[in-house]
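Here the chain labels run A, B and C in written order, and each chain numbers its own residues starting at 1.
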C-alpha cells in the first residue's frame, strides 16, 4: 500500500507548463531521489506534495489524507509529511530547542515538558543535543540543517520531503547532514529527496526518478539507473554530472 | 439664523486653503535653503560647528512644533516687534523643517560610497568642492523621494499655526464651525481638503521611491 | 530696553507643570500601548486578513497619514458630539492619539512583516501551523525587531504631538504652560521651560523605548522564560 500517491498531476505558471502529468507512488520506508536539470519541475513537484504549491489537475495523497485546497485540509496533510528546505529556514528569534519544540506545543497541544523531551530526543538523534539553548546564528550551516531535520521530526511525520537540503552548504558540511539522512533511511523513514548528490542517491536510495521538462522521464533502482540509463536525455544528464 | 450651504463653507475653506499652500511652499523653500546650509555645516571639519548643528537638530526634532511656534511668536515680541502670525509661522516652520531636511539629506549623502570622496580628494578638491560637484549631485537623486515625502509633513505642520491665529485652512475651519455650528461637516471638509493636498504628494513620493529602487539594481 | 527674564515666576507654578507632565505621560502610555496594539492588528489585517478588511484598513491608514493631527482631534472632539456622541476632552484626546498612532504603526509594522523571508513562513506552514500561529510566533517578533527604531521614533512624535491636545483643554503640559503665562504674563519663559521639559521627556522616552526593545523585543533568554512576559514575545506556550 503506497504512502504517497501522485496521480496525473499537472501544473502551469501562466502559459508555462511546469508539471505535465506526473504519476508516482512511494511506498512506506522507501527512499526516493528526484534528479533533473533546473526547470525540470522537481522542486515544484516536491512543494506540491505538501501544498506549498497548488496543482491544477490531478490528485495527491499522503497516507489517508487527500491533498485539498482549504487551509484546514492542508494542515492535516502537513501533520503527516514534513519538509526540509535548502535555506534551512530556522526561526532566528527562537533558540534551537524552541525551534524544535514550538510546533508540537502550539499545533499538537503538547505540554511544555513533553515537547522538551521530544526535542531533546530528536536533537540527540541528529547529534546536536548540546546545542539546545544556542541560537541559529551561532551554528554552522550543517548544524542548522540538522536542527531543521530535528524540527521536522518532532512532528512525527510519516515522510520527509527534502528540497536540495545540501545545496547551500559548504562541501565539508554536506556529509554531516547526509549522515543524518542515511541514519533516518536505515531507521525506516520514508524520504523523497530532490538532490544533486548523485553518490548519495546511488548508495542510499531505493529508487531514483529523473525528471525532464515536467514529466517523469525515467525511474528505477540506482544500480540500473546510473549504470544503464535508457533514455538519451538521462544519458546526457549523467554525462554532465559526475557520479 | 443665517442658513449656510455646503458651498458657502467650501468656498470659504478654499480661500483659506490658499494660505496653507502659500505657507507650505514658503516653509519648504526657506527650510530647504537653511537645510542645505545646515548640511554643509554638519560636514564641517570643525568639531564645534558639527556639535552646534547636532544640538539644533536634536532640539527641533525633540520638542513639539507648537512650543517652537510659541517661542518664535513670543520671542520676537520680546524685542518689542509686533509680529504678525504669518511671520512667526513662517520662521518657526522654516527652522523646524530645516532640521528634518538636513537629517534626511545627511542620510542621502552618507549613502554615497566612500570611494567617491576618496577619488575626488585625490583630485585635490576641498570639502566644499567635493560636496558641490561630486557628492551632492549624486545624493540629489536619492534625496528626491523622502524630500517629497517630507513636503507632506510640512503641509500637515501648517495646521498648528492656526493656534497663533494665522488664518489658514484649520483656523478657517474653527471660525466657520463657530459660525455654523456644524463641526462634523466643517472639519470633515477640512480633513478632506488636506487629504486632497497631501495624498497625491504621498503617492508621488512612493512612486519615486519605487522608481529609484528599481534603478538602483545595476 | 533689555527684557528682564524672570524664571522664578515660572517655578512658583512647579505644581502646575508637574500635573501637566503627569497628564502627558498618561496620554502617551495609554495612547502608545493601544496605538501599537492597533498597529499590530492593522498589519495583520493588511497582510493576512479577510479580503473585505484590507481596503478598509488601507483607507484608514491613508486618511490618517495625510491629514493633520489637529484636524483629527477637532473632528473627534467637536464633530462627534454634533452627531450625538458625548465625549470628554480626555477621551477625545486618547482616541485621537490611538487612531493616529495606530495608522502609522500599521504601516511601519506592515513593512516589517513584508520583510520577513518567505522561507520562514513556508517552514512554519510546513510544520502545520495555522496562518494566525505563523503570524504570532514566527512573523510578529522578527517584524517588530526590524522596525523597532522606526516605531519608537513614531511614538516619540506622537508624544510631542500630544501638545496639541491642550487646544481642547486637556490639562497636559502645554496647557499648563498656557495657564502659567496667562497668570504671570511671562509667556517666553513659560514656553521655554516647558519646551525644555518636553525635550527631556523625549530623550527619556527614547531611552525607555530602547530599553523595552532590548528587554522584550530583542530579548534572547537562555532558559525558558516565565509565562508572565508580555504578549510581544513569540514562541511561548
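In the analysis below, a contact is a pair of C-beta atoms (placed from the backbone, for glycine too) under 8 Å apart; a residue touches a chain by one contact, two chains touch by 3 or more.
Given the structure is predicted, the values throughout are model-derived calculations rather than measurements.
Participant: If I average the C-alpha coordinates per chain and also across every protein chain shown, which chain's average lies closest to the global one?
Facilitator: C
Participant: Out of every possible chain pairing, which has the most C-beta contacts?
Facilitator: Greatest number of C-beta pairs in contact occurs for B-C.
Participant: Which chain has its C-alpha centroid at the greatest distance from the C-alpha centroid of chain B?
Facilitator: A
Participant: Distance between chain B and chain C based on Cα centroids, please, to the nearest Å.
Facilitator: One centre to the other, that is 22 Å.
Participant: Need the CA-centroid distance for the pair chain A / chain C, whole Å please.
Facilitator: That pair's centroid distance is 45 Å.
Participant: In whole angstrom, how far does the Cα centroid of chain A sit from the Cα centroid of chain B?
Facilitator: Computed from C-alpha means, the inter-chain centre distance equals 55 Å.
Participant: Can you check the complex and tell me which residues of chain A touch chain C?
Facilitator: Residues 50, 52, 71, 74-75, 78-79, 82-83, 85, 87, 89-95, 98, 102-103, 105-107, 112, 133, 135, 148, 151-152, 155 of chain A touch chain C in their complex.
Participant: Using the touch definition from the top, list the residues of chain C that touch chain B in their complex.
Facilitator: My answer: residues 1, 3, 62-63, 65-72, 74-75, 78-83, 156, 160-164, 166-167, 174, 177, 187-188, 191-192, 194-195, 198-199, 202-203.
Participant: Report the residues of chain C in contact with chain A in the complex, numbered from low to high.
Facilitator: Those in contact with chain A are residues 117, 119-120, 122-131, 133, 137-138, 141-142, 145, 220-224, 234-235, 237.
Participant: If you look only at chain B, which of its residues touch chain C in the complex?
Facilitator: Per the stated touch rule, the residues are 58-59, 62-68, 70-71, 74-75, 77-80, 152, 156-160, 162-163, 170, 173-174, 177, 181-184, 187-188, 190-191, 194-195, 198-199, 202.
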